[in-house]
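Listed below are the structures to be examined.
Consider the two complexes below, in which chain A is the common component and chain B and chain C are the respective partners.
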Partner chain A sequence: MPLSTQSQSDVDQYILIASLDNARNLSNILKAISFKDHAIFNATQNGLKVTVEDSKCLQANAFIQADIFQEYIIKEDAVGFQVNLTVLLDCLTIFGGSTVPGVCTALRMCYNGYGYPLTLFLEEGGVVTVCKINTQEPEEPIDFDFCSTNVTNKVILQSDSLKEAFSELDMTSEVLQITMSPSHPYFRLSTFGNSGNAHYDYPKDSDMMELFQCTKIQTNRYKMSLLKPSTKALALSCKVSVRTDSRGFLSLQYLVRNDDGQICFVEYYCCPDEEVEEE
Partner chain B sequence: MKFRAKIVDVGCLNHFTRVVNTVSKLTKACVLRLTCDHLYFVLSGRVATGGVSMWCELLQVNFFDEFQLEGVSADANEIFLEVAPENLSRALKTAQNAKSVKIKLTKKSCPCLTLAAELPSLSSLSRVVTHDLPVDVIPRRLWYDFREPQMPEFDVSIYLPPLKTMKSVVDRMKNLSNYLVVEANLNGKMNLKIETDLVSVTTHFKELGNPPWGEDGSQSSSRTHREPELMAETRVDIRKLQQFLTGQQVNPSRAMCNIVDGRILHLIFLHEDVSLQYFIPAVV
Partner chain C sequence: MDCVATGANVKVLAKAIHSLSRIGEELYLEPVDDGLALRSVNSSRSAFASFQLSPLFFQRYQAPTDQSFRCKMPIKSVQAVFKSLSSLERSVEKCRIQLNSEKSRLTITLHCKHGLLKTHNLSFQDCESLQAVFDKESCTNVLQAQPRLMVDTVLHFPPSLEEVNLSVSSDRVWLRNHVEDDADSSRAMMTELCLSSEEFDHFAISSQTSITFCLKELRGLLGFAESSCLPISMYFDEPGSPVILNVTDSVLEANFVLATLSEDSHSKNHVNSDTKRPDAEQPPDDFMSDDMDSFLIAMETSELPGPSHVPTSPPQPINNRKHSASDDEDEEALAERPPNKKFCSLFFGSVLPTPSLTNQTIQSQEVLASDSEDENQTETS
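Presenting the complex of A and B:
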């Protein structure tokens, strides 16, 4: 079985090795950002960061810390490459989406460096699959320049409440409008679709509201088509933080618990569609 | 020409239905060959069907309570009909809870297989649902096209891995490539491989076991000296293999394949009273 019979020389030539007893702890979180074919991988001592971008207006990042992996070896400060995320997900789930308890796919992901494919060894029930996925030179992810000092408004909500709202959002609306304010309506999601306008209000003292830090009233609109993929991350998460900065840029950060209860993060950054002047 | 048959056992009816469902998932049209002892669903490899052939054989006595056949002539006591298995499948679906199902060859405005299902009802009178399935009678001069396929001179014969795993892997591989290589050796090892510009994936199965064909006359002596680690392979259209694996409604008691290196992938599924063979030609 390749997983255990890899020769020492094979292991020596890899600059990155990451292993999981349960490949779902990687595939599930990658599904939450899989709205485009290509993903930029950036591995450091801290762990793995995977980035997917759309038309320079939307960026999604998934963070899987080093201690999530059963084995994590990195021989350089930073290892970066780009792969086809759809292909990677098909490989990670090669044995199907088995949800039988106790049965899972073990994964060992290896990378030799620039010009080499990403090699995956997957094993379930004694059957081994080896995948070699071609890599490309990683593009530089956009820096949205979103830093905590510029944050104007921030709320942290329990995901359940947002899940309901997002599942009911009027998709005929081209934009999703987010209003955050120290006074009523506090936190409001609005759509303007064919059937009319709809508002979802979350009062600041609601059970679902874990943190409410709004300094001034802000209303921003974001393209619905850009935000739609974030619902996958929302579905996986238990908590979400919504922040806007002085430019109206949106940061959504999702706290995701994997199959083993460990915490990973997914964040989405989105540019505003147009700024609405507040009265 | 006459044909009448009757199923009264609900277990036999369900089994027969599952077999017909499996066949209907594999092909839109095929030949139904009726003899005194057997029913056969036959698809003979043609370019139009991508060259796949199918031979499904049922032992009549294990399904039917009554079976009467009068073939085209005394020396050719068989009937060959061109049928659409999906029609038969749909008719059998309505007969799910029937007390009895009668099938007979009739002549309406065209030759038909008429299926009459006696359904239970609350009153003492039964409800009968009848389906007339149009068929074409195949003349004797064309019977040669639908003869039993010969066991190919295979290079390797091997038992298949658990179908559930094989199906999951083939399903995913189909997203990645149009063609799949199946290779196996006489040491019970089988690999499924795909390779494209973007990715290469190989799934390794081992300790599968090789069927002991030794006693069968079709084994030539040279094969027994075949190097056990040497792989025989065929490259096939992945959709054909996926279609075959997806269509299976019953887990076979034995599932195996024979590989003629570079030529044919021959899949054999055996149940107690049904055998299904599927031939997928290699693509270059």
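Presenting the complex of A and C:
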């Protein structure tokens, strides 16, 4: 165990230590938001929040609560840094990501503080690898100012049905249009592609619909290219909540169960593409 | 037009479309009284496929009010509607196809489990009727086999193999990969399979013969037949005549018509026989300019007679020719439709440089001079 090779003084230097018996519980969820190279890490007493942004229009956050970790020590109120997410994922899966049951990579992630690299100790089958990844000054994540009080429409769906729809979406369409309404069509995903348009309608009384709270009809369009990465999170999840606020901003929240059945969350925020006349 | 397919037939419909996608880039949709025809043809006009679905295939079938409606659309767009066959099977309960002629849209609605509704509005183009005229009954050789036999047989050939040769004798069938003459035959890998007549459900060979056709296009039908577990019938004559593969059940009929290589690619061979000359087809389909050493199906899609078309009643003269046929005679007119409806003839083999639209030319093959408006003429050797 890497811990035994460290002296007490080393441990004292770290302001953040997070350990997992199964590194996949971190790597899988990070893959769901890995559409850009850089990620902002923000660790608090509650756990780890990792943020990835794209062109100021899209933001994805992965939340791994403190109790997911076998060991979680944080010596400051908040610890923040930025790392190359691609490199981090490569390190987390450095042993090849074998899916043989019982064999997994153990992780100990340590951070000394500002200016220091992020140190990963990874162990599998008695082999230990130490990775040090340079960190950068964390950028401030965009605040989409999405609060529950502004939410006009909200649905919670079982992911399976959405997965099918997303896998069939016409990629020649530049936008994905989402219509939410207290009356027909209730919840509709639409594409406008080269061969024509397509609509996927989910009625409010469908048994895939766990919650349906729509106050008024809203139709918003979002760039398909921005939403495409969210399908990774969708694939991992078992439930998804779709919310729009009065400005047409979209919030997608995914409930993900990790290998050990513990719950983590991934959320995506997206700006609407253009003003659409409400029907 | 409004038709509804339910249950397992949705998957059959999807498979038919996937099969047709192996033939051509466009799907021709032709609702007719006796059902719905889905067709495709390849760019070189050497393969044609048609699925005819009877009204009984559908839970509800309503033909369009406009009898002459035909349309075509890129087959990829339709395939996208039926993308995942496994999810179709699992979750689609009903498929509804409706025509919205004002907006030129074909609406395909899939009613799925859990109340999910998928609606696809596809744009289409009006088009000519795509119809190949062929007569299975007049073919001298007929084989019928379970799809499993055919699938297992073609498994031995590499997926890249273009052409396959089928030879029959009185009690055996050989399948070989076809190697171009100019290829170095000592280097090519030759595969040969021999099947006894007992392997076939039906084996009626009137004369020893050997035909070569495109395997890739056949695979499209095999996939369909295998999933539907329907036997495949093959109708063929001598080289140069098309091979017709047919799969039929009570509510649908699929015909794949593939051109075969003629043994002598020189057209003089065909001059002697009463063979085909291409009737005029619509200008865009100028097959005449194709390199046609046999291996081509000349398709005629004659709409209402235009200036370049002579309104003919082709069935009659062609039938006459049939009776006076020489060995290579093959194409028949399947006079199922009255002449004033779209009549199309399918000609196989080398296309003679005597394009003419009149009956007279049909009868006198020796006349090589063209009096038609077809722009190109292939050379006779």
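Quick note on the criterion: the second predicted complex is superposed on the first by the 275 of 279 C-alpha atoms of A that agree within 3 Å, B and C clash if a C-alpha of one lies under 4 Å from a C-alpha of the other, contacts with A are read in each partner's own complex, and residues count from 1 in each chain.
Methods note: a residue touches a chain if its C-beta (ideal position, glycine included) is under 8 Å from a C-beta of that chain, and two chains touch if they have at least 3 such contacts.
Here the structure is a predicted model, which means the values were calculated and not measured.
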item: Fit-or-clash call for chain B and chain C when the two complexes are aligned on chain A; value: fit
item: Chain B versus chain C as contact partner of A:Ala106, first or second or both or neither; value: neither
item: Contacts of A:Ile15 with chain B and chain C, given as first, second, both or neither; value: neither
item: Touched partner set for A:Gly125, first chain B, second chain C, both or neither; value: first
item: Which superposed partner A:Ile73 touches (first chain B, second chain C, both, neither); value: neither
item: Spatial angle chain C-chain A-chain B, Cα centroids [nearest 10 degrees]; value: 70
item: Touched partner set for A:Cys91, first chain B, second chain C, both or neither; value: first
item: Touched partner set for A:Asn134, first chain B, second chain C, both or neither; value: first
item: Nearest-approach distance, in Å, of chain C Cα atoms to those of chain B in the combined model; value: 6
item: Shared contact residues on chain A - chain B and chain C; value: none
item: Contact footprint of chain B on chain A as seen in their complex; value: 2, 84, 86-87, 90-91, 93-96, 98, 117, 124-134
item: Chain C-facing residues of chain A, complex; value: 161, 164-165, 167-168, 170, 194-203, 205-208
item: Contact footprint of chain A on chain B as seen in their complex; value: 161, 164-165, 167-169, 171-173, 175-176, 197-206
item: Contact footprint of chain A on chain C as seen in their complex; value: 73-74, 76-77, 80-81, 83-84, 87, 91, 105, 114-123
